[in-house]
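Quick one: this structure, given as structure tokens, is what I'll be asking you about.
Note that the chains take the letters A, B and C in the order they are written out, and that residue 1 is the start of every chain.
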Amino acid sequence: MQRTSSKWLVMSTIIAYAAVIIALFMGFKAPAAVNVGTVQLQWAQRIIYFHVPVAWVFMLSFTVSFVASIVFLITKKRIWDLVALAGVELGLTFATAAVISGSIWARPAWNTWWTWDPRLTTMAITWLLYVAYFMLRGAVEEPERQARFAAVYSIFSYISVPITFFSIRLARTIHPLLVKGNDFGLAKGMRPAFFAGLIAFTLLYIVLLWHRLRVLQLASRVEALRARILEQEL
Amino acid sequence: MIKVQRLVKRFGYQYALRGVNLEVAAGETLVLFGPNGAGKTTLLRILATLSKPTGGQVYINGYALPRESGMVRRQIGLVTHKTLLYNRLTAVENLRFYGQIYGLTQLDERVKALLARVGLYRRREDQVRTFSRGMVQRLTIARALLHDPPILLLDEPDTGLDPQASDMLLHLLQEIGGARRTIIMTTHNLSRGLAIADKVGILANGKLSCENNSTALSEDTLRSRYQQITSEAA
Amino acid sequence: MSQFIRATYAIFWKALRTEWRSREIFSAMFVFALLAIIIFNFAFDLRVQNIRQVVPGVLWVSITFAGMLGLNRSFTVEKENDTLSGLLLAPVDRSALYFGKMAANFLFILSVAVIIVPLTTVFFNVNLVRADLLLVLLAGTFGFAAVGTLFSAITVNTRAQDILLPILLFPVVLPVIIAAVKLTAGLLEQLAVADLANWWRLLIVYDIIFLVIAFLTFEYIVEE
């Protein structure tokens, strides 16, 4: 059983990484943004083919964690705690990537690495919320209790994100908005690369989640076996 | 009255109880002996609905745990080596408070009568923090008996008491509980435990190793059996 | 239902009475809030041109930091003689414990806020003593206490609980603090009610959502 699943996993991993490389390559080949002034800024703008998919994936990942946390509290099945944990781990990783890529873009575009714009502020808070999630897990010894506490906190984190987002939305943002009403702010020629990026990074996310879950499950099995051995020695 | 079958409790990967069976008939007193960490407290906390079993069946007065916890809570009184009392409240206030959250009727009469029974009537308006250890212990028992439970669970009620106070405690238990109530008690004190027991059990390493009719049991036999079982487990 | 309310009320009343006898939590919160305001006063005194602009922030930071101290104690006191087990033994829904505790925490934090407001008025020479500000204090401390009570029940069972509570709580309650600061500032600047409607809506929606979720999840925190 382990054999076949790992064969599929290896194949999917190769496909996902290939898709990401192709998508990023398409990003380089896509037509330059016409509404951007200098050539340097036009190249900087190409970071959206990384920045947007990565930002989409971190939101997806926190959503996965939120749903898994609710399911865990209802069913008390350990696997859902592992899904929630993997979701936060990957979510935080991609969120960090989104922040860094955004910051790199902000430097030429806004002439600063960071500004307390609403979108960036929300991001910083989101990031802190999920860092706190790990601190909470680290502070609880017993696995079952750790899982319960983490699930409750993950629900709170997830719900406070949109509220925080809305709360600072009341102020104006300088962050570009891709979707305004029915408008889609991307020229026709840029769209294939853009959507290829979204699909490729989603694939990558699914594969990484799969990997992480497998490792977490193995780790918990090792832990169980070790406990059993220790017990026999007693 | 109390029926426990193949009860298992696991904390993470550590087993606290591994398949405990026991049965106590109405009005019987079961005394459990066992070294620290044997699972005595865990067992009583499960019977008291404070902890959920990992596996196995528990029936208390016909109600299944953990499904019918609400009904079971009305059937049991718990005394542990912690007082479960508020030091800043008076004796009357403590009992009234617990009476209110238990939803008891004719609370004032009940509280007065109980305080008289445990010999604290004269000190009823004094804060618990001014009480001696023995007085606190008597109030602890009054608290557990407040809702007139048919079952009493006593977790090392004599820990930290001098022999004199300990005698008084047992006396009080027999006087108030006596033939009527079903009691499960844990203790380290073999002779004192044997004196009030109808049945004795020895809990070691999460297993209940022996259950006997205690009337036929001498203290010496019990002591040697206790040593044998605990050394096997260790 | 009436038994539920009776138990909630008993837990609330018990918290008030024990606090009244020791005055531990309240005095610590009050002194801390006062100190915070004095320190802010020195920190901004020389540098900030228009002190009016920082007062709402100063007020809410002092209230929330002081509130944190009180919340930290909220469930610690139930550990002392394991009265938490005593409460959980009672045949009453666990949320009665949550609501009783939450009501007491809300009242403690609110009263610190109500006392600190006139003092801020004196120290910063900005008139904060007004009826509509009381509404902001009510709504702001309510949301804070709603989440804080739940989180304090979480952290009481963790290592390093005193350190962990602010780290968990602050990012979550941030929207409520932002809204409360904006409303306080708006009132100070005599903005029209319509201009503040969005912030009011946000604050109240937040209060309700978090009370409901805390109510729904509390059971999972205290079970074992």
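The definition used in the following text is that a contact is a pair of C-beta atoms (placed from the backbone, for glycine too) under 8 Å apart; a residue touches a chain by one contact, two chains touch by 3 or more.
The shown structure was predicted, so the numbers you read here are calculated from the model rather than taken from an experiment.
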item	value
Pairwise touch network: line, ring, star, complete, or other	complete
A-B or A-C - the one linked by more C-beta pairs in contact	A-C
Longest centre-to-centre distance from chain C, chain (CA-based)	B
Distance between the centres, which are taken as Cα means, of chain C and chain B, whole angstrom	38
Centre distance in Å when chain A and chain C are each reduced to the mean of their C-alpha atoms	32
Centre distance in Å when chain A and chain B are each reduced to the mean of their C-alpha atoms	51
Touching two or more other chains - residue numbers and ranges from chain C	223-224
Set of chain A residues in contact with two or more other chains	141
Touch list for chain C against partner chain B, complex	3, 6-7, 9-11, 14, 17-18, 21-22, 80-83, 85-92, 96, 223-224
Parts of chain A lying in touch with chain B, wherever the complex brings them together	141-144, 223-224, 226-228, 231, 234
Residues of chain C defined as touching chain A within the complex	147, 150, 154-155, 157-161, 164, 167-168, 171-172, 174-175, 178-179, 198-199, 202, 205-206, 209-210, 213, 217, 220-221, 223-224
Complex contact set, residues of chain B against chain A	11-15, 205, 234
Sites on chain B touched by chain C in the complex	45, 48-52, 70-71, 73-74, 76, 78, 80, 82-89, 93, 97-98, 100-103, 127, 143
